[in-house]
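There are two complexes below, and they share subunit A, which is joined by subunit B in the first and by subunit C in the second.
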Partner chain A sequence: MTRHTGNDDTDTTEESNGTNGTERHEEADDGTPAQPTVPELGRDEQPAIFVPDDDEDGTTGASAGDETDPRTATDGGVESATGGSDSGDLSPDAYDPIDVFPEGDLDLRDGADSCYKCTSCDTSCPVAEVDDEFPGPKFQGPEQWRLKRKGDHDIDESITSCSNCMRCDDACPSSVPLSQMHNEARGQFVEEQMEKLSVEYIRNRILANYRTSARLASMTPRLASFAMNFGPARWAMDKLLGVPKEREFPEFATTTFREWWRDRGGAQVSNPDKRVAYFHGCYSNYNTPEVGKAMVRVYEHFGYEVLVPPQKCSGTPMFANGMLKDARRHAETNVENLVEAIGEGADVIASCTSCSMSLRQEYPELFDIHGIEDVSEHTFEALEYLRIHEDLNGALADARPEDEQAFAYHAPCHARNQGLARQAVETFREVDGVTMEDVGDSCSGISGTYGWKSEKYEKSMQIGEEMFEHMEDADGEVGMTECPTCAMQMEHGTGYEIRHPLQLLEETLVA
Partner chain B sequence: MDDQADVVVIGGGSTGCGVIRDLARRGLDAVLVEKGNLTHGTTGRMHGLLHSGGRYAVSDQTSARECMEENRVLRDIASHCVEETGGMFVKRPEDSEEYFQQKLEGCRACDIPAEVIDGEEARRREPYLARDVEKAIAVPDAAIDPFRLCVANAADAREHGARVETHAKVTDVLVEDGEVVGVEIEHDTGPGKRVHREPGTTEEIRARYVVNATGAWAGRIGEMAGVDVEVRPSKGVMTVMNTRQVDTVINRCRPKGDADIVVPHETACILGTTDEEVDDPEDYPEEEWEVDLMIETLSELVPALKDARTLRSFWGVRPLYEPPGTGTDDPTDITRDYFLLDHDERDGLPGLTSIVGGKLTTYRMMAESITDHVCEKLGHDAACDTADTPLPGSDDFSVLRDYMDEFGIRSPVGRRSAQRLGSRADEVLNGADPNPVVCECEGVTRAEVQDAIEGAGSDLNAVRLRTRASMGNCQGGFCTHRISAELAQEYPGPVVRDAEDELYQERWKGQRHALWGRQLSQAMLNHMLHATTMNRDGDPATTDADVDFGAFDAGTGPAGADGSEVDDATTGVTATDGGLDGDR
Partner chain C sequence: MAIDSDVLVVGGGMAGIAAAVTAAREGADVRLVSHKASTLRQASGLIDALGYVPATEPTTPLREGPPTAGRELDRDEWPDPEGPLSDPYEAIDRLPADHPYRLVGPDALRDGLALFDDLVGDAYLGDHTDRNALVPTFGGSVKPTARYPAAAASGLASDDRPALIVGFRSLTEYDARAFADRLAAAGVPFDVAGAEVEFAEAFRADAKVTRLAKALDRNEEIDGTPAREALAKAVGPHLHDVVDAEGGVDRVERVGFPAFLGDDHSAEVRADLADRLGAAVFEIPMGPPSLPGLRLEDLLYDALDAAGVRFETGTPVVDYETDDDGRIDHVLMDRKGTKVPYGAEAVVLATGGLVGKGLDSDREGVREPVLDLHVPQPADRYEWFVDDAFGEQPYARFGVRPDDRLRPLDPDGEVAYGNVRVAGGVVGGADVAREKSASGVSLATGLVAGREAAREVTQ
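For the complex of A and B:
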């Protein structure tokens, strides 16, 4: 999988001094890269994979094609990162949907080979259910791609109505790379067809780059929290930018997570054998540092050394708005720093399920940054990781929170895609004094930035209706979810306070 | 003279359609008769390559020159049937360098624009090319849709007064006083558009001249007239891939051999081909090893083919001809040139000429020469204008229109519709509501299907050829019934059912040769859906026999043990088809 976003990247290439293609090839000659150990830092700015160096021995390319997961097989990211090697070997695995179309766009037509038109994706799509104008994921993905020819630049505008909830990926019985197709098509649409001075583009760019706004707002958090929700300001935002006045902006923390981490003096536990690198994402940093703090305390409780590498946005809101160049820029920083942490023995832990989704799936599907496959393989969601490596049920057996608590738990779509939909319920169901009720498998409807667009607001609330009702029916008066924007929607629809499973874990285990 | 027509043309392939158009445009009263659909024989069974001539640049330079000339003409007059893909002759390390140079020189000698590019550049243009492809010669090959091409020729002929009869098999060539005076034909369902279940009729068409343009079948018509036409039919297999792995025609640069070309065609790629002489153009073995050979050998050029999904395979027969006495054993050595056999000169039988050999790329040129010949015979003086006059659909037009806004169709669908319809897009899309899209795989609008039905009667295979509906990855599984529903607006239920069955059968036929992996899953899903939602695994409404409901047992259960308390007939109805709706 190779994406060359072109000239806007060249200026940053030099930072990764000494890690150019040649050196990687030398490494390839050692026969080492099959080991997913310590990748080199830096970015892969190789031309596409099909230009072999004469002296290569053909050991690397095929070995990297991971057969266990059809999705990885489709994109085969590591292969492209090694610059392409074998030549005598004509294994089709060695050929990726590399940039067939101009400007380095991906060619995902072969993904249509897996589609049987069964329409499971369409019936699982929350947007298609409420929006009659939206043709659904099957059209957006395999059908639209199959109709494409080289040089075609007319992605249907309806791609901008896809909320990127990725439920279609989960629904597909045949591993069609739906969300990859959607992300790429949306990226091409925004790049080629969207008017860059349009209000919609500007609004989407602002929404997608939440980190930038949040960083500014955090400099004067109280003022920002007030100003952003100030009536006339909101009216103007709705009218001028298309940001619905009904929504309340989240409050900005007076102390960000990273400030707290710095003031605290960093890690309190040092343990070279159990290291994790925390990918807190933007929301835990600027808005809900209590989630980040809970992560640190819980992990330190289990004896982990927590690293907090420099990081930028995971890219989730950028993918959803087709801002692939922005996402790539941020990804370069993230991959570089996370790869370094992985080199120090750490696994990557995210407390936001969309962040972990992005690092795990979307990164290798869309970018060819060197080491991106390693990041993907080493990334986990916070609760998931503990459930794999620690005896969480044992630890919770005697624990109980101070007061009896009941929660209405909503599993985010992106958690569902990672197989994590039941983790919070399973973790806490044996804990005395905690009632965790799953409010069902519907989508919350906000899908990150989708519900933050005036023209989508009504639909977003319609999608969320089922979840709101189930929350009202549940015993608990407090909501729980792993996803920050699902939390916004849950709060918006019910008025409940919404918490993260890590906070409950902290309260039960650490306090 | 009370002849009904000036000329009867037998055969609705590219040659016949080209001839009828030319005759009609020159003011002759002409009739085309074809035993199946247009393109039914060889034309509908080719890989859709519009030759640059590069393929024949070493072995047959006359053909090569003609190809290039006609390639230029067709880009112009048949623009809506041609996709300007470009082509390459690629050289692998084991392929002869000497031949590569010969090919290059040959192209230059035949005025075929040829450019040598290195392996890297070739892969830049076509990234899925094998990494060890050393270099390539880029030539102006293109892809052409033979269905649209023939339909457009026939449509233009009709506009100029010709009569076109499909599903009209020639049963006899009328010879009176040592002269051919016409043909006897058998209409499958009466003259005019084909409508299922209409009774067949026979008809004698008398004409001043008869043209035998039946290609591989020319010998049979010759036999009816009592003359020998020694066509040597040669079969070739083609395999259709589900998606396009390449957007350029990829040829292997070596002297000759099986499986050496990949043609991007509409949404698919077509792999070809083999060349093997057969005795009977309608009855020859279609063998799996031939398909395997295609995929195996061509993945040396495009490795992705090995794992890619195949949709179907089909075989075609070339109408190869060699003048008596040449004595070639290997069909690949037989010239691709065409021959006009005037049976008056040859066999002393006036009134009949056969045209054999040739290839689709030069169809118009062949048509021109045979029309010249016929005009001479009939003493008719008129000039040919087919090289300069665009076919219907290929007039100048701009594809830059926003069909999405205008007709409310999604942009990829609008683009495909416009590519298929060419300058007819406005007329057709305005004719009926284009939504909903009927065939999702190929993006075929309702308006196109309605337009095709108007031209083709109840024949859904003819609708398919005109629109590509049902030619995508579900192979009609999700759209055959939708297309039939469009047909049902005009035709009665039983006609629609027959037409539906026929289309679905045709789709199934080709898939049988590609039933593994993902297409097998697709076929199984299609079958289950059709069985469970439309009772197509044995719908009593479609069988002519009365269902013997009494033969069903009463099932197990408290009342059914001895059957005495259950009304057998009632139970049977419910169990078999779940209600009476199926009959409506």
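For the complex of A and C:
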């Protein structure tokens, strides 16, 4: 498939001869091309905000535009730039290129035009540093966006090598929405160009839907933990699915966070003035409930009433694999439940920086769901929220953990754009008995599911090399980070035990 | 509750870092916020103080009326600047009276450079003298600069050892042979030749400099040969390329490479190559994206950490509130949709100039977007520029105008906010591109702003 003019296989011109008489196909009879040469997504004329239903996707975008103004398919010539009027008025006052596009659609043109090719994004890209096949974020973002405007270009397959670390967002001095462009291009590539029966697609779908596997595994956690790391099984997974045998699957908790929450009878503090809704995500629920428990105990220590609304995956692994439909389905559940909690006066707290990044940035960038902006505005990372609303340094001034401890702290990439890369170091460095050393600004290299793919494993470890070296140079023999997959990589590369800042906070303040 | 600190520095470049470290050393509790990763990564990594004093008057008086860009009229012409200067300090008096150096004085520049020396340690050279060093840059020109990375040390133009300049076909922004010819034409006191070698071709055509640096850092195998060895082998046949005035052939004593010789382990990469080549190895500073800039960014952020400064990037300042005395009470940071107040006794604004986006411009005017400080400018847009691209461009000196304590002034010449100081590119009055003074202005004003802000807190 070299042209992306239709939405799916049923949208071919042959079928417009009567198989389904949509408005759009009737237009073809008027001599208007049934399929304007515009691409599907990432196009200012199109509803690039992801809509799950294929048919709706087609009719809301192209045909609406076609009916009202066929010239929207041109690319910024004077005629369309003046709104397609016949006035011939070329004065700058009449020139407003944004107005020619239907209102409400995602317009990435402004972002692409803001790129002045300084290449800061490329120098911030951990994949481009090790992967000769990867052309870098500047190509994947603004350049690819321009290429595909003409509709006869496939999305370059290299988009699947982007690990979605989002460091380019932080590097860009012009605020080009790079990660948003990558997410869109990847979504389009997977939707339209990827073979759905391929091993790669199936493997990616399984990795992206970690929650589904984790939920099943948690029904028999001990067996699952054993079986997932059983040698012959891992060999087979590597050969058949492309999941690297070098990696060790995380253990499943015998009691999930939600089971623990239910057994303890829910919140122990009731306080209508200080409420938070905990978005624990999949990993704190199924694998590291001790992080979730620490969150609850620390927040209750500060007098918060904790709510634990029903929730699904934040979508991070799905974005990274272009599975936007899956992500949207989960987002609908999350937004509905979190909006309800916000209505009860709660702010949303995540303990994983990728979950908070997703709810805050990717949700409103990619989906148009009622209330999604509210969720974005009310979401915070757990330590961040306490630092804003409580006198955390004061509370820690006289506190100290039971034993002296030294940590090698790694800031997850997704913490960066939220301004959180230094929060753990700054919170703990004044605490007696705690040494907290930042191991530098390199990427851990795992980027969620990226390092869980056999063909990416080597690259993932090469990216991580710098962090491993710095961890070993640091005094601490215990690692610390907010991100569960960074933690996996840190443990994998150094053998260190890895903890979450909330656990140290719990130990220092509550225990 | 606001996130409070004594001093809040807005901006993560050279000026912001100088201000933050200075204030912290004076005992203040300092926080530095930066909207994006520092644009130091776009900088050459050279620390210029003052290389030229450009003429501020045209050769003949300017015509009446707007500049002639695009029209067939006589274009204005400007004399060549004075320079390259050997001593940046003695030339300060010849700069315009409202130049930042004239406001803070030569001692501030001296102290600023001393601070820099202290922060970067032996990664930089040039502090043994007040005089400028002459460093060849990738355009083939020789730049007067106050401090230079150790990686560039063997490349100085004042050195008379014969030199080979190495280039790569796939590195399109840089042609080693043209570069060598330009150096020779400029009359450098050494024999020089350029050679294009096979090495970077092993990587993709548009490989990032970070990719090449990483391959050398890790000494990755390229077609079975470790990268450093492969590079040395490619250069080996050219070590006798230099021909002196008598037509004799010298073996070169130093070899210059575009600046990608490793990132984390660059000293080791250079030493390894020097050993293999039997010649000194140096880097030629490149345009953006710049590894010397990235390395400098790492050094300076480590220094911030060591000074106990809190810092965060990724979140912009979007608003501010004043108290009853007309001072900034707190600024509001946009944390992904939520405005969070950051309070401070004193604020240093070091957000950069037009490139760093500390100044914003459109057809209507030029603005300082964070605190809405006054930026003097001609009302008629045609008076923002002159014809001669290398002439005295008024826009180049646009910026916030402060008093000699770096407090920003309002349109009436009064102090705008008593507890704000401005530093670096956001300060007007310098034409840093023509003067070669960007780093020096940032260090001198950053140092004074940091000192002043700390004084504001202790008073």
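We take it that the second predicted complex is superposed on the first by the 398 of 511 C-alpha atoms of A that agree within 3 Å, B and C clash if a C-alpha of one lies under 4 Å from a C-alpha of the other, contacts with A are read in each partner's own complex, and residues count from 1 in each chain.
What we mean here is this: a contact is a pair of C-beta atoms (placed from the backbone, for glycine too) under 8 Å apart; a residue touches a chain by one contact, two chains touch by 3 or more.
The model shown is predicted, which means the values in this text are computed figures rather than measured ones.
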First, second, both or neither for A:His378, with subunit B first and subunit C second: second
Which of subunit B and subunit C A:Thr160 touches, first, second, both or neither: neither
Which of subunit B and subunit C A:Gln361 touches, first, second, both or neither: second
Contacts of A:Gln144 with subunit B and subunit C, given as first, second, both or neither: first
Touching partner for A:Ser447 - first (subunit B), second (subunit C), both, neither: neither
Partner chain(s) touched by A:Ser120 [first = subunit B, second = subunit C, both, neither]: second
Subunit B versus subunit C as contact partner of A:Arg422, first or second or both or neither: second
Touching partner for A:Pro135 - first (subunit B), second (subunit C), both, neither: both
Subunit B/subunit C common contact set on subunit A: 92, 118, 135, 174
List of subunit B residues in touch with subunit A within their complex: 83, 120, 123, 126-132, 242-245, 247, 264, 267, 299-300, 303-309, 404, 410-413, 415-416, 440-443, 472-474, 477-478, 518, 521-522, 525
Partner subunit A, residues of subunit C touching it in the complex: 1, 3, 33, 36-37, 39, 41-42, 203-204, 206-211, 213-214, 218, 264, 288-289, 294, 298, 301, 305, 310-315, 333, 335-338, 340, 356-357, 363
List of subunit A residues in touch with subunit B within their complex: 48, 50-52, 84, 86-88, 90-95, 98-100, 107, 109-110, 112-118, 135, 138-139, 143-144, 146-152, 154-158, 174
Footprint of subunit C on subunit A - complex, ascending: 92, 118-120, 122-125, 128-130, 132-133, 135-136, 170-175, 360-361, 364, 373, 376-380, 384, 387-391, 416-423, 426, 438, 440-441, 462, 465-466
